[in-house]
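To keep things simple, chains are lettered A, B, C, D, E and F as they appear, and every chain counts its residues starting from 1.
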């Protein structure tokens, strides 16, 4: 458009309040609700709210599973609150294992950045197992809520990023859910078919009681 | 409104095609999609499509868990397709157990109709256990995707109905997922911390191989 | 997995803030929003928040409709807040009637626990009526927002549970909406085609004015 | 960016299949599903699929309600399929009435284009009535699923446009649902509190039987 | 239903707390969340909360684009908060232009009330352009997030109403996004292919810096 | 649980049809709908459907923007259909640029795998610019539908992965939308404020006509 007169009236044709919900950076000090955290006042939002540095360094894999998952969910990375997406870093030392777990609220997509990862999930339909060895650059998707695992099947440390279609996908590690709390051993035996000794052994490892 | 003349023109003021999606009774012979099954032609839908008799009789509890779950999900009860709700009947003989399981796609609400049910679920946050004994008429809610169980803690058969906020909530029984397929024993041992012998024993019980 | 060394480092590989939204028990004292009530502080949540005893006793049917609906929606049962599911108990004395009503926000599934219930709903498409007599154990689904009713068509009291794919399905009883408020009689006559005398009669019964 | 060389390689850096679901113009000849109609092949979509002329002429108000609603929902205007929005035109001759009705699947926003419209809706919470006279240019919102009406309260024909947050909001006119089908008079009397004579009179007007 | 005794017990058969979320009029003084603003206390809600007068008068088109968009989104019209619908008025003087823009959060439907509007949108699939001249009463739909424009192609002022399937659709005008802020000219040149002079010219017109 | 008898009846307590919608691998040969593609027959689904190798190799950056985006959306990676998540690989040679673009249907999260990326997005609220230089391992989120860009601000090739909260986020590159089709130059000038010569120059570069 030719703009013969460049000094016209201000372009105040849109109310300046419109669009305040382009984003909703979480203010963790306010109450949250079913859809996520309350929003930080837009005037206080800066570019730093949309960036997270916590995945730049490897997680500490000096532990029993030789693995670490470092999440950038809404509780760690308030900028994703309400945006329906989040990410986490997976570090697997040689022999490392992310044990069977589920994400109650979202599907997951994994991309392998380094090393070799052997991963799988189990359908709830006929309990079919889908297993695959993934190399650098390979991508695998894990449908919402289904049990899945990832292990380092190579000799060097493996690294992956896992993304989710929710800013708070949740994470329930089956072993932790079973053995890392005070769920009574007898109840657990009745509801998992596991032997009492097996349960006691794993409660011992993971810090469970009862 | 007074209607002095009752013989006026037909009230054709709304296009008769409007509203064809009041409901979408599943036609299981057509392709399904991410939101559910394709819809049966409205002209063929009858009142019978909205009623299901399959929960009127007790499930067969003469089995290893002395329990039965009878679903009325979209695959069994096509009338619920796309309506965001479904139901199932739970029968628990004395000593009966619905082992730990999840529903990947919906929260569950249980109402006890007969007997006493001891139920619990495990939060993914710090693995906190929520346990409760429920009597006739009591209601308990189990949040989406979290591990939960129900057992008959009384002496008579217990009956409950469980409802879901989805027409296809899914059901993944942890033991079946682990032990009722060909997931290699070694992989399972690595990803669950369970002992090889424990795994082999349960694969034997549940029909798993490898 | 063999666990040769059981005394390794703590398994702190997941940030403990992850997953705070496994559930969102309503705190009715805080502001609510379009997606439901604000969440109670997780630290104060107990197993009692997930259980509701209010449906264990029959509703009082000594009233004009010889019926009672007892809801366990989010306002009564804060544990369901945000979980997309709720339930209510329906008691129908002999001759009892749940008059025509809608749930603006969810579909409903009814299971009959005792007695015989005659139920129906009306499609918005060509105003087709779907009617059915339901016996103990039968299930019927009522699509979202459509007018429906339930009456006791047997000789003994009937009991049912109705579940919803929302923690706040809403309930609008047509007669209450029309006759139990101060909506002017003339306006009502114009917009319902009902006779003035009919309206006045029902306003009298239900406590409406104007 | 300076573009010193304008004759470089083709910019084929995005797979051409991406984005086929920018829109999903309904193909009414294919099966539909819970989320709407199947999509017309993108190659056959033209600009005409996104435009609808059917609201340009007034609806015929020579009828018992002196009013007409002309919808542009997905069944009439296939371009809106899946886009979560639709519109309809409301014509009200002098004395015209859109009787009480609901939209099961969406909230409605009304803008008055000509004349004066008296409109109202009834909350399901305590049956509160919200009534308002609207002049040209006024806007009123009617929350999802709640009973509402619109009448011409002026002396000239009134025109409005009503928009919905769904491509298929549905429309259930209470009088049509009650009196324009074969729902037995006795059932209707029991479930609406209306007198038999009133029901018979309105069935006569609207063409109902039984 | 015959009501022989009109003086029976009160009809307290529904808990009066049910249904408080029929609507959620925005209280702009409370924190907002990902799903919208917090709700005004129901007791303070009146009919005025559901009506907006701000679209009754023409927007001021004495500006560079000879056009005005007046929104009735949740920030201006709190009654639509959470209801998934909103509206805006478009005024186009002769020669008026609503420049290319997107709504990040919703599809749009336009109805022309006066004059002639030439409108178009661009698919992200192969960048196909859909262009159409719309006369009074014509309707056009613009799929979510796609670039579109509207211009007055007639000789008299044109008026339209645009509705959205969200109470906060957002509005991003490409030129404002590029030229009405402090985005550095060099960055903009690199990421838009535009010439430096062109950028500087438009920054000058629109008030941008850097 | 002790399992004294291991040879009991089969555990047929769950209908085998339950859970067929754990996933919905796209069958691109069937019609699609608003929620995505139709599902491949579950019996034909294998582990290969959930894995994608197409991101393992760098995209070809020998082009005008010295950059490549390689998507793994539902059209390329049918396993993500309906799962609400997808991913793409971004390759930026030295000097490479992903020009301003939007994703109409989802927010994006970027993780830098190699090199340094300078990225930014523009809010629709007051056109505020959020700019940031990202190093290896840094994460940035781009809210749904907002204009954003990424450029290589280092000296070595940069690599990133971008994930989305949708299996079909869409991608609209502003320059392609404006200059890579037959949108008439005059219309474009009127609706973008750009000079005719600028438009013609970029149409020439990008292959646009008219």
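By definition in this document, a residue touches a chain if its C-beta (ideal position, glycine included) is under 8 Å from a C-beta of that chain, and two chains touch if they have at least 3 such contacts.
Nothing here was measured: the structure is a model prediction, and the numbers come from that model.
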TODO: Report the chain whose mean Cα position is at the greatest distance from that of subunit A.
DONE: D
Task: Centroid distance [mean C-alpha coordinates] between subunit F and subunit B, Å - done: 34
Open item on the list: Please tell me the distance, in whole Å, between the geometric centres of subunit D and subunit E computed from their C-alpha atoms.
Closed with: 19
Task: Where subunit B and subunit E are represented by their mean Cα positions, the distance between them in whole Å - done: 41
Task: Sites on subunit F at which at least two other chains make contact - done: 1, 3, 18-20, 22, 31-36, 83, 97, 104-105, 120, 124, 126, 131, 143-144, 146, 170-172, 176, 180, 190-195, 201, 205-206
Open item on the list: If we use the touch criterion from the header, which chain pairs count as touching?
Closed with: A-B, A-C, A-E, A-F, B-C, B-D, B-F, C-D, C-E, D-E, D-F, E-F
- [ ] Report the residues of subunit E in contact with subunit C in the complex, numbered from low to high.
- [x] 1, 3, 6, 8-15, 17-22, 24, 27, 30-39, 81-83
Open item on the list: Can you tell me which positions in subunit D touch subunit E when the two form their complex?
Closed with: 1-3, 16, 18-20, 22-23, 42, 46-48, 50-53, 55-57, 72, 77, 79-80, 83-87, 89, 106-109, 111, 113, 120-121, 123-126, 130-132, 134-144, 146, 161, 163-166, 189-195
Task: Contact set on subunit B toward subunit F in their complex - done: 31-36, 59-60, 62-65, 67-71, 73, 75-76, 97, 104-105, 168, 170-173, 176, 180, 201, 204-207
Open item on the list: Quick check: in the complex, which residue numbers of subunit E touch subunit F?
Closed with: 97-100, 102-105, 118, 120, 122, 124, 126-129, 131, 143-147, 149, 151, 170-172, 174-183, 187, 190-195, 198, 201-202, 205-206
